[in-house]
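Each of the two complexes below includes chain A, the first together with chain B, the second together with chain C.
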Partner chain A sequence: MGLLDRFRFSSLGRFLEKIFGRRHARIGIYGPPNVGKTTLANRIARDWSGEIIGSVSDIPHETRRARAKSNIRIENGNSSLTIDIVDTPGITTKVDFRDFLNYGMDEEEARRRAKEATEGVIEAIRWLDDVDGVLLVMDSTQDPFTQVNVTILGNLEARNLPVIIAANKIDLEEASPATLKTAFPQHPVVPISALTGHNMDMLYSKMIEHFGKKKRRRSK
Partner chain B sequence: MKVKGVTVDLISRSKLEELTSSEKIDFIIGEVKKGKILILETGLTAAEQADLIKKTMSTIDHDTFIGIEMEGYPEEKVGFFHRLFGIRRSRITVIGPANLLKTIRKDDQVIETIIIPGKGV
Partner chain C sequence: MPHQCLNCGEIFDDGSPYLLKGCPKCGGKRFFYIKKPLTDEERERIKKETEEKLEEKIAKIFQKNLEEIKPDDIRKFFMDISANKRKEALIIDDEEREKRIKELLKEEKDKPETIVIEEPGRYKLDIKSLLEEEPIIIQKDGSYIIHLPSLFSMVDKERED
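Entry: the complex of A and B
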């Protein structure tokens, strides 16, 4: 643990955080497979540090291990927040290696990918214990009432972790971010296109406001 | 004579309340791996759902068990004292093998599922 991390978790650090609000937060990017989590992580990292976090693909479960990038400082006017981004594997309740055969993989490769995907789901859920806030990415062209979304939100609410819902893929004609806003009125929903960068300024502003808030009570 | 078909078990609140969280998850995984569909009267807490997903992932063998289909509703706070102390009550949930059960539609009132033809035991 680095010196800054030691300070953050010290009594003095926690006391100052309560008084002045958070200035450094570890943010997990969560969601089901293929909603654009890594595209969003790359967009944030590239906008503020010039680098990317990981490769993207149309094949589900491209991200099978959590990947982090530290000390990304995002700014909006006079406000700023330094974040560590954790890009997590997509959470799902099922993984069938046969699905990957449709993408031209041989069976051995498909089985290996499926096994890694199951391990990635477990790792993603474990990371919930180590983040300060979550960007929950949803595909705004899809039905938002999925069990994965319900389970993730339920766990965030139980931990009292701040969450912003990124209603992604609004560059697509069939996108309906208003449906997500209606479905989850208790959480901030920001319509974005991580691919084109549309509305990212709005997301950064909301991140500074929401994740930089004074620390709230956490329970598990 | 054994009747062929898919078994659907409705699990009562009292049965679920007898079990600890880990017992509940082991019970669900065990029954679903047998090819049964379960309808839980009270469902699972958010933490139990996450644990069930983790357990499912570690149980998948890719040949006979590819995971679960699960649909339920967020926990609800009921009554004054429940709200006061942040106590939530989980709601009805349907869980089955992913190769057998498929969700067609879900809104805040109805969960519509189908049993995939030819997959019954």
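Entry: the complex of A and C
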């Protein structure tokens, strides 16, 4: 363990963190399937460390295990924040292997994918216990009022976890990030395109501001 | 036959030298890249459109002579376009928001299961209970499987509180 790490875990380190705000945070990337969570995780990792986290595809539930990348330092002017990024499987209320059959998968493979996707949902939820903040990714071309979005947000509020909504896919013609903003006015909403990198600077500065805040008391 | 003379309808191969020199039949210098030959009406329509002078077209859009158009007019023109686009965005007010969230969160009948296996490869998940860390109970054809570690971790957590 390096000297700095040791300091971070020492009681003095924790005391300073409480007073001056945190400098290191573990951020979970959450959202329904196919909204661009892994594309966003890759974008963040590539922008600041030059590496990627996972493979992306048009087929829903491409990410079926949570994947993490540690110690990514993001900067904005004078302020910075070191984060661990956890890319999680998409959260959904229904998994049906038949949805995958159109993608040239045989039935056995589709059923296996469905099973893994279901396990992935539970794994994603488990990770919530171990993150300090959440980037909730939504598809700004879709109706934001879905059971998944509303339920996750309600739960994050109950857990008192800071959340930023990333209104993704604004590179698409049909995107309407304004709708998303008015749908969830109690949370910061940042319109981005993880694919093209549009407006990522705004997201980074919001992340530093929002996730770097003084340590909250966990009320449960 | 990828190119067609807009004036007379003559068709030329890709890379034909006449594309540079002009149509040998009518001297036309406008060619269209095509997959299928355009119908005569279609060709006439495009021809007419290309014959319209650019200056006149702009004057028509701004309803001003070209010399009278100021940067402000152009700005206003594009603002209008984007304003029209913005109007399409659905803006949700407090009342609407409350109504829709309420509808989504309508409690389902109190069922113990958090996961239903409808058939291998088809699953229904109770996200709310799972997020609230209720024990994992799997239902399949009316039989229930209780995942004990998740049940005990809930009991432990409740004792802590």
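Note that in this section the second predicted complex is superposed on the first by the 206 of 220 C-alpha atoms of A that agree within 3 Å, B and C clash if a C-alpha of one lies under 4 Å from a C-alpha of the other, contacts with A are read in each partner's own complex, and residues count from 1 in each chain.
Criterion: contacts are C-beta pairs under 8 Å (C-beta built on N, C-alpha and C of every residue); 3 or more make two chains touch, one makes a residue touch a chain.
What you see is a predicted model, and the numbers here were worked out from it, not measured in a lab.
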Combined model on chain A: chain C and chain B, fit or clash: clash
Which of the two partners, first being chain B and second being chain C, lies in contact with A:115: first, second, both, or neither? both
After lining up the shared chain so the two structures overlap, which partner does A:179 touch, if you call chain B first and chain C second: first, second, both or neither? second
So, does A:51 touch the first partner chain B, the second partner chain C, both, or neither? neither
With both complexes overlaid on chain A, does A:157 touch chain B (first), chain C (second), both or neither? first
Superposed model, chain C vs chain B, clash-positive stretch out of 45-53, 63-71, 81-89 or 99-107 is 99-107
Chain A residues touched by both chain B and chain C? 91-97, 111, 114-115, 118, 121-122, 125, 128, 145-147, 150-151, 154-155, 220
In their shared complex, chain A is touched by residues of chain C numbered 86, 88-93, 97, 100-101, 104-105, 115, 120-128, 130-133, 136, 161
Given the complex, residues on chain A that touch chain C span 91-98, 107, 110-111, 114-115, 118, 121-122, 125, 128, 145-148, 150-152, 154-155, 176, 178-179, 182-183, 185, 220
Can you name the residues of chain B that touch chain A in the complex? 45-47, 49-50, 53-54, 56-58, 60, 62, 66-75, 98-99, 103, 106-108
Residue ranges of chain A in contact with chain B within the complex: 91-97, 111, 114-115, 118-119, 121-122, 125, 128, 143, 145-147, 150-151, 153-155, 157-158, 220
